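Look for chain A in each of the two complexes below; its partner is chain B in the first and chain C in the second.
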Partner chain A sequence: MKVTVKYFGLVAEAAAKSEEVMELDETLTASELKVQCLIGLAIADKDSVQIAVNQNLDETITINDGDEVALLPPFAGG
Partner chain B sequence: MDKKKPKKVFVQGAIPPEKIATSVANHQSKTNIGAHSIFLGQIRADEVEGKTVTAIDYTAYEEMAENVFHEIREATFTKFDITCAHVYHSLGKVNVGELCLFVFTSSAHRKIAIEATNFLVEEIKAKVPVFGKEIFEDETHQWKVNK
Partner chain C sequence: MSRYDRQIKLTEVGLEGQQKLRNAKVLLVGVGGLGCPAAMYLVGAGVGKIGLMDHDKVDMSNLHRQVLFQESDVGRSKATVALERLEKQNSEVEYEVYEEPLTIENAENIINQYDVVLDGTDNFETKYLINDSCILTDKPWVFASIYKNEGQLSVFNFKNGPTYRCVFPKSTRQNISCEATGVLGVLPGILGTLQAAEVLKIILGAGEVLSGKLKLINMMQASEQTININKRPEEVEKIRKNGIAPVYIDCDLKNKEQWYLDVREVFEQPKPKGKKVLSIPMGDLTLRYQEIPNNQEVFVFCQSGKRSKNAIEILKNEFGFHNLKNVEGGIETIIDG
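For the complex of A and B:
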C-alpha cells in the first residue's frame, strides 16, 4: 500500500524533504509508522513528534492505502 | 451570528496594525455588542546564548490547521455567549516587533469576551499545527516550542 508522508518544521529539516510517497508492505499502526519514519533522523526529542493520519492525532490508528500522514514537531503557534 | 462560515485564518507575513483598527470599525454597526476583547501576539527579541532573535518564520500543516482553527472557533461559540470571533495568524517571516496573531471576540459584556479570547488563544497554542523557526541575527536558527 502507498501512503503520502508529509514532514514539517524540524522534522522536515532533519529529513531534508517535505513530502514523499512511501510503499508499505506490512500493516502498521500510526505509532509504528512514526518510529519507522524517524529512524536515522537527527532529532533530539523524538517523543515530542506527533503523527497525524488524515489529520487525526490518534496514534493507535491502523494505516490504510492512500492515507495522508504528517509528522508534526511541537506546535509553536501564536 | 457568523458562527457557521469557515474563515481563512492564515495571512502571509506580519499582521498590519491597521487591520485591528479596521476590524473594530467593522463592528460599530453591531450595536448589541458592549465589549470587544483583543489579543495580539508580537514577535519578541528573545536572547539565547548571547544571540538575539530577529524574526520567526512560520510554517504550518495548513489544511489541518485551518480545520482545527475552525473547530476551536465553533467550540468557542458553544462555550461562550459571544457575538463574533475572528482569528488571524501569520505564515512566513515575521520580524521582531511585528504582529503574528490577532484574536478578536465581541460580546454584550466584558467578562464573556475576555474569557472567550483567553480560551481561543490557549486552544490555538495547544492544538494548531503551526511551527516557528526563530531566526537569529547571524542567520542561524532554533525551533520555537510553546510553553
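For the complex of A and C:
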C-alpha cells in the first residue's frame, strides 16, 4: 500500500524533503510508521515528534492504503 | 466610542462586544516577534488591561521583526519600551509591566489576574509552564511557535479542551530559537496577529476558536494545514493533581573531563549536567569569579558565543584570567548527542 508522508520543521530538514510517497508491505500502526520514518534521521528526542494520520493526531491508528500522514516536531521559536 | 466604530459595526462585536473587550485582561508572556504585533492589535481593539511580560532587552537584531521597537530603544527593557509605544497608541488601556521571566514561583499568581494568556515565548520550558499554570488557574492560552519558515498555532485549555501536553506530552532539548535558525520578520508577524485574533474571539465569544486543532503554516510554500487534536485526560489530570511539572531540559556535554563555565541566565535551556560545569550568569561574574578555576583550561559558553566572549574579556581584564577559551558556536556545538 502507498502512503503520503509529510515532514515538518526539523524533521523535514533532517529528511531533506517535505513530502514523499512510501510503499509499505506490512500493516503498521501510526506509531510504528513514525519510528520507521525517523530511523537514521539526525533528530534528538524522537519521542517528542508527533504523527497525524489524515489530519488526526493519534499514534494508535492503523495505517491504510492512501493515507496521508504528517510528522510534527514541536517548535520553540517566537 | 468613535475610536472603535469600525469594529462595533460588526455583528460579532457591537456595543456589547466592545464592553466585553473593555472588561477583558490579557497577559502577553514575551514581547518579541509574536508579542509585538499581537499587543498592537489587542490595544487597538480596546482590550481593558494588557500585561506585558519580558525580561529581555531590545537588541539591534530584533528590529526586523519586533515591530514595537526602534533603533533608539536598543539596550532598553522590551516590556518598558512596549509600554511607552502602546500608551501612545491607546491611553485608555490599563497596562502592567513585568520585567521578569515567568517562573514556577510567580506564574500562577500572575496568570490568575488575567482572562487569557498569549504565548510569545521562545522556549519549551516556558511553554510548558504557561500550559500547567493555565490548567491550574483554569485559563485559556493562545499558543504559537516558529521554526524557520513554519509556524504552529492553537488555543489550549479553552473550555476544558486539549492542552499543549495533549499534543506534545514529551519535550525535546532541541530548543531552537529564531536567533539560531533565522526567520523572516513577517512570519512571527502573521502568527502573532493570528494569536491576537484568537484572543479577540475568545473574549467576544464569537466565531470558531482554534481549540482542539493545531494549525500549521508554511510561509514560504504558502500552504496551511489543520490537524485535529484530542485531549489526553491523563496528562491534564497529572497537572491538576501534582501541580506544575517543571520541564528542565538537561543534556550531556561531549567532554566530561573538561571544565566549563556557563554564563547564561539560570533559566536558559538546555542545562548541561556534570561536576565540571559551573553556572555563573553574566551579572554575577564580578561577585563569583573566585569559583572559576584559574590553573587549568576552562571553556566558556552561552547560547550563541557572543555573551561568553564578553565574559572572557571581563574576566581577563578585571581579574587576570588567562585560561579561558570561548565556545564560538554556543552550547549546541558542545552537546553530546
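As a convention for this text, the second predicted complex is superposed on the first by the 74 of 78 C-alpha atoms of A that agree within 3 Å, B and C clash if a C-alpha of one lies under 4 Å from a C-alpha of the other, contacts with A are read in each partner's own complex, and residues count from 1 in each chain.
The rule is simple: contacts are C-beta pairs under 8 Å (C-beta built on N, C-alpha and C of every residue); 3 or more make two chains touch, one makes a residue touch a chain.
Because the structure is predicted, anything quoted here is derived from the model rather than measured.
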Touching partner for A:52 - first (chain B), second (chain C), both, neither: both
Partner, of chain C and chain B, that touches more residues belonging to chain A: C
Partner chain in contact with A:41 - chain B first, chain C second, else both or neither: neither
Touching partner for A:28 - first (chain B), second (chain C), both, neither: neither
Touched partner set for A:1, first chain B, second chain C, both or neither: neither
Touched partner set for A:77, first chain B, second chain C, both or neither: both
Chain B and chain C contact sites that coincide on chain A, given as residue numbers: 6, 8-10, 48, 52, 55, 70, 72-78
Chain B-touching residues of chain A, taken from the complex the two chains share: 6, 8-10, 48, 52, 55, 70, 72-78
Interface residues, chain C side, partner chain A - complex: 30, 32-35, 119-124, 127, 144-148, 150-152, 167-168, 170-178, 181, 183, 188, 214, 216, 221, 225-230, 337
Residues of chain B defined as touching chain A within the complex: 41, 58-61, 63-65, 67, 89, 100-101, 121, 124-133, 143-146
Contact footprint of chain C on chain A as seen in their complex: 6, 8-10, 18, 43-45, 47-48, 50, 52, 55-58, 70, 72-78
